[in-house]
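For clarity, chains are labelled A, B, C and D in written order, and residue numbers in each chain start from 1.
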Amino acid sequence: MNKVRIAIIGLGRIGKIHFENMHFHIPEVEVKAVSDPHTRIETYGIPYLSLEEIMKHPEIDAVAICSPTNTHADYIEMAAKAGKHIFCEKPHDLDLARVLQSLQIVEECGVKFMLGFNRRFDPNFLRIRSLVEQGKVGDPLILKITSRDPGPPPVEYIKSSGGLFLDMAIHDFDMARYIMQKEVKEVYSKSAVFVDPAIGEAGDIDTAVTTLTFEDGSMAVIDNCRKAVYGYDQRLEVFGSAGMAKVENNFPDNHSLSDGSGVHSALPLNFFMERYTTSYLNETRMFVKALVEGVEVPASGVDGLQAMKIALAAKKSITENRPVAISEIK
Amino acid sequence: MNKVRIAIIGLGRIGKIHFENMHFHIPEVEVKAVSDPHTRIETYGIPYLSLEEIMKHPEIDAVAICSPTNTHADYIEMAAKAGKHIFCEKPHDLDLARVLQSLQIVEECGVKFMLGFNRRFDPNFLRIRSLVEQGKVGDPLILKITSRDPGPPPVEYIKSSGGLFLDMAIHDFDMARYIMQKEVKEVYSKSAVFVDPAIGEAGDIDTAVTTLTFEDGSMAVIDNCRKAVYGYDQRLEVFGSAGMAKVENNFPDNHSLSDGSGVHSALPLNFFMERYTTSYLNETRMFVKALVEGVEVPASGVDGLQAMKIALAAKKSITENRPVAISEIK
Amino acid sequence: MNKVRIAIIGLGRIGKIHFENMHFHIPEVEVKAVSDPHTRIETYGIPYLSLEEIMKHPEIDAVAICSPTNTHADYIEMAAKAGKHIFCEKPHDLDLARVLQSLQIVEECGVKFMLGFNRRFDPNFLRIRSLVEQGKVGDPLILKITSRDPGPPPVEYIKSSGGLFLDMAIHDFDMARYIMQKEVKEVYSKSAVFVDPAIGEAGDIDTAVTTLTFEDGSMAVIDNCRKAVYGYDQRLEVFGSAGMAKVENNFPDNHSLSDGSGVHSALPLNFFMERYTTSYLNETRMFVKALVEGVEVPASGVDGLQAMKIALAAKKSITENRPVAISEIK
Amino acid sequence: MNKVRIAIIGLGRIGKIHFENMHFHIPEVEVKAVSDPHTRIETYGIPYLSLEEIMKHPEIDAVAICSPTNTHADYIEMAAKAGKHIFCEKPHDLDLARVLQSLQIVEECGVKFMLGFNRRFDPNFLRIRSLVEQGKVGDPLILKITSRDPGPPPVEYIKSSGGLFLDMAIHDFDMARYIMQKEVKEVYSKSAVFVDPAIGEAGDIDTAVTTLTFEDGSMAVIDNCRKAVYGYDQRLEVFGSAGMAKVENNFPDNHSLSDGSGVHSALPLNFFMERYTTSYLNETRMFVKALVEGVEVPASGVDGLQAMKIALAAKKSITENRPVAISEIK
């Protein structure tokens, strides 16, 4: 396979990013078709096809599923059965059984499957992963992740998203596994509703501190909040037996202004579209590379599954106010 | 009271710091006597007296108790009964009942009592406290404290110190109350022995992550380790509804060297003697100010008691692997 | 004019950047043709035409001249006479008379002309300019620019480039005018050959410190070196009556690694291709905007002329070891 | 000589600092006497003596001359003839001939003489010097010093101080020699009056950019201003063939506050009393060490002389608007 022929299903905010990255920036990709029942974007001549047409199309090697979460599992199964490789946006699905089921079909059909944990491909986090792999911090003992959004999504979104742990912190749970390269054994979360009472009324929380314990006793601490007034805050620090590596938040420029009242600098890059521009592009490159070179995808279905189990354990932990073992999640 | 006449009891590492600060740097103090059964330091002509002589001395207004922890409660009671104001190094005592008992006597005798939570007087942490008080972060929601030592103390010390929570993290527990200005309701700790198996054999832990929940649901996360190979690490961050304030670690200079391999800068100030030089001096100034001006001491016996309860709850939490309410500690 | 139809002349390193930016990233541009006598790059179906064909082409509104410097003035005149708007890479020409001549023709023909001072469009420098315009530093008194390359170009290049002042520092001379928004009155340069004796043998210098004096007595200091072993170094600071604004160098990530030997972070972005990616894109956007909206170009022929005069004065200053007035350069 | 017996002459702002450092912080010093015709400070029982009494006193080994500049040369000669070692505040004298004369007498009398270039002993600058000595930057090629005061002194002071170059920039001229460890060959200064017209009327300037050329062609650039609204600004950077080392300005704490308008941090330490506290103490320690151990003083009379020549050359340079060779200053 020299050039990967891809169809993009779903052209919302993320689908559009993937379209532009694939069409303009990755020479090894040919976007053959797009599909979306409602949204129309500029596709530079690339045709809109129906889902059925895409699945039957003999010159489409892979699909990128960027449609609403509740369609993911169905489309994954359709694509797998049609012999298409699959890139799927996170989350895979909100129902654990459904995730397992569709992964089973993916496996049976022998197609590649990659889940869109884009943050794995951010230059900052890649550097930390690389330092850990090179042994620069020795044995990683404590991982700390700060992950705060600039503002909450609409309450309607929260109602269907699975809530803070499944739609937001799941990135951090994946990051914890990715950096530590170990499995989580136990989860303890403490949470609150501080940002908006309506979020609490919708059955979710907006602020949480989660402690993960890994198999070997090492730990991760993740703090999340739906609203940081100073903007999107994405930091990470890993402390180990031989050193400590960390990355700070990202800013649009590095100016400082000193005046009579102090030293002042810029607000961070506003949200994931600006902050993770590079990671989205790198992510797609890695998917394409996996197809072209026949290597492993760098974020698998099992990665999605494990992150989901951590999220479900976190939910259970706040309900029961006790540490919850991953083995309890089935 | 214009000039406070103080006797220093115990001239070990910390006692010597207090002696020099009081003798050389605080004009409102006259050091009248020192006492130590074994150690002799240069006292610039100030006499060594016995404990009994100090307690009976009519021209001594206050004592600074810097002797071993197991003598604190006895000396506090002696001094209180002798009508001397008291500055006492932390920890007050390892036994909760004994702490309560001696505080009871202090109260009955009507003397002032200040506990040596020196970090409250560090310029960095003072600034954070001040920003919180000015409302610059709004309602404080999540506090994060990093507190790592450059290396573990001797195992013999650990055996008698009460362990990581009572001798090391207790500073952080106090800091959490100091910054948040609320009481802790519940504690959850996760811990491990990663630094030295001998610490585990002595019944203690050397690495811990502790989540505190305050009365109003806000949270603090504290991570401790007995050994950071890169040196003493003391950082703090408070996230609130209107902003986030943080202080970084302290360094001996702010140089950077850029060469063919990267940008390099200094290791942090090595340990508490170097890191908290200013805070020890400020602390004594505040004690003296409380005596001279008749105002409240800025770190009371109750502050010590509350920090101790958090430490005991943390110990219980790791034994039972569950969140422990402060109200369970009696 | 809704969509600007552009031909790109010259497809070397910079020409390729402009091609990709215009073709993929700026919806208001249609690249109609490219031209290069030797180089062939992937043009996604856009035809290669001869210079003559481009100049005669009725559907080409503008040209981007990215060919060797010694062709610039000729092509500028050809394009102007053909009624094409012009974007020209710097330097305009190494001969002052030739620059004046071609600008005269541009003016007579009434086409727009923009010179490729791409650094004006870097987010860091844009921020500084904006802070100055907002009055945040008050009256700007002292500007400091650090501009060091990671390594020298081949000596052959230097022989035809006009040397350090005309090929490298000219960006900084332009930046000085851009930030200060005043004209330079006098120049004093001190220089040396420290990097490579062959550069000296070729009649050039590789290290220089230049002081510019503006009409109102305010000053700029620029230090240049052909080789910084730690990589490309591009910093700027402006000090004024009401404050000081500065930007630091740019790095590929913001990680730091603390280990037993210190704190370590990344080398800077390697050279102008990586460092000024965004500025090249912004630059083209501004050119296109000037055409579409009929507004002024943000880097004019006069801007190029003035920077060139400063460079020539700097050369004269090192030869004669004295401050040289811009009015001496004719 | 085990304990150095010192008399302090002059108890103004700086004399008081030296008194307290010597009396309280340096065990190897015994302050035997102080002298000041007008000022009375708390001396903790140390007697006030007349100048004559001090010079005749058999138990005084050394004097610290902190009196007004116009008395320095006289007192140096008196002390040298009386066989006392000498620490003298900068500047030595405003008249070059007088400096040479008194140094001649110092040499004839065989006493040690140290000039108060305290900044040499600042931890930041010491680190840079050490990095240069260790070869970490290779051959130092360009030194950059930023030195700006928070506000100008009274115009009356400027009239008698010798002006910006002799009272303020002289520290930077000394620093340039100290870091580069080479002699300056030529000076070019450009200056202006931007802060206060009264300074210009008094015949001085308040803003200057000075280029120093060293014997081997390497360069230093120093920018000075009498007023930085954001506070005292003291930075330094040395660029060399193998790397670049720099130190940033010093701040009272390292907090940052992120809120809806940006990231904010503290103003710098206000002025030399706060900024150079440690350097004053280190300086005195080095003087005492030179006496006790019989080693060289780390800032000699010749160091003072050379810095003064640079300052005089800078003055001549602005008057004549040309580079001035140090050899012209006699």
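Throughout what follows, contacts are C-beta pairs under 8 Å (C-beta built on N, C-alpha and C of every residue); 3 or more make two chains touch, one makes a residue touch a chain.
Just so we're clear, the structure is a prediction, and the values are computed from it rather than from any experiment.
Colleague: Determine the set of chains touching chain A that also touch chain C.
Modeller: Per touch definition, common to chain A and chain C: B, D.
Colleague: Sort the other chains by how far their Cα centres are from that of chain D and give me the top one.
Modeller: If we average the C-alpha coordinates per chain, A ends up farthest from chain D.
Colleague: Comparing B-C against B-D, which pair counts more contacting C-beta pairs?
Modeller: B-D
Colleague: At the chain A/chain D interface, shared numbers over all numbers used: above half (same) or below half (different)?
Modeller: Because over half of the interface numbers appear in both copies, chain D and chain A meet with the same residues.
Colleague: How big is the gap, in whole Å, between where the Cα atoms of chain B centre and where those of chain D centre?
Modeller: Computed from C-alpha means, the inter-chain centre distance equals 40 Å.
Colleague: Could you please state the distance in Å, as a whole number, between where the Cα atoms of chain B are centred and where those of chain C are centred?
Modeller: 57
Colleague: When you check chain B against every other chain, which residues touch at least two of them?
Modeller: In chain B, 228-230, 242-244, 258-260, 266 touch at least two other chains.
Colleague: Name, in rising order, each residue of chain A that touches chain C in their complex.
Modeller: Residues of chain A touching chain C: 24-25, 27, 42, 123-124, 126-128, 131, 136-137, 242-248, 250, 252-260, 266.
Colleague: Provide the residue numbers of chain C that touch chain B in the complex, in ascending order.
Modeller: Touch residues, chain C against chain B: 228-231, 258-267.
Colleague: In the complex, go through chain C and note every residue touching chain D.
Modeller: 138-139, 141-142, 144, 146, 148, 188, 190, 192, 194, 207, 209, 211, 213, 217-219, 221, 223, 225, 227-230, 233, 239, 241-244, 321-323
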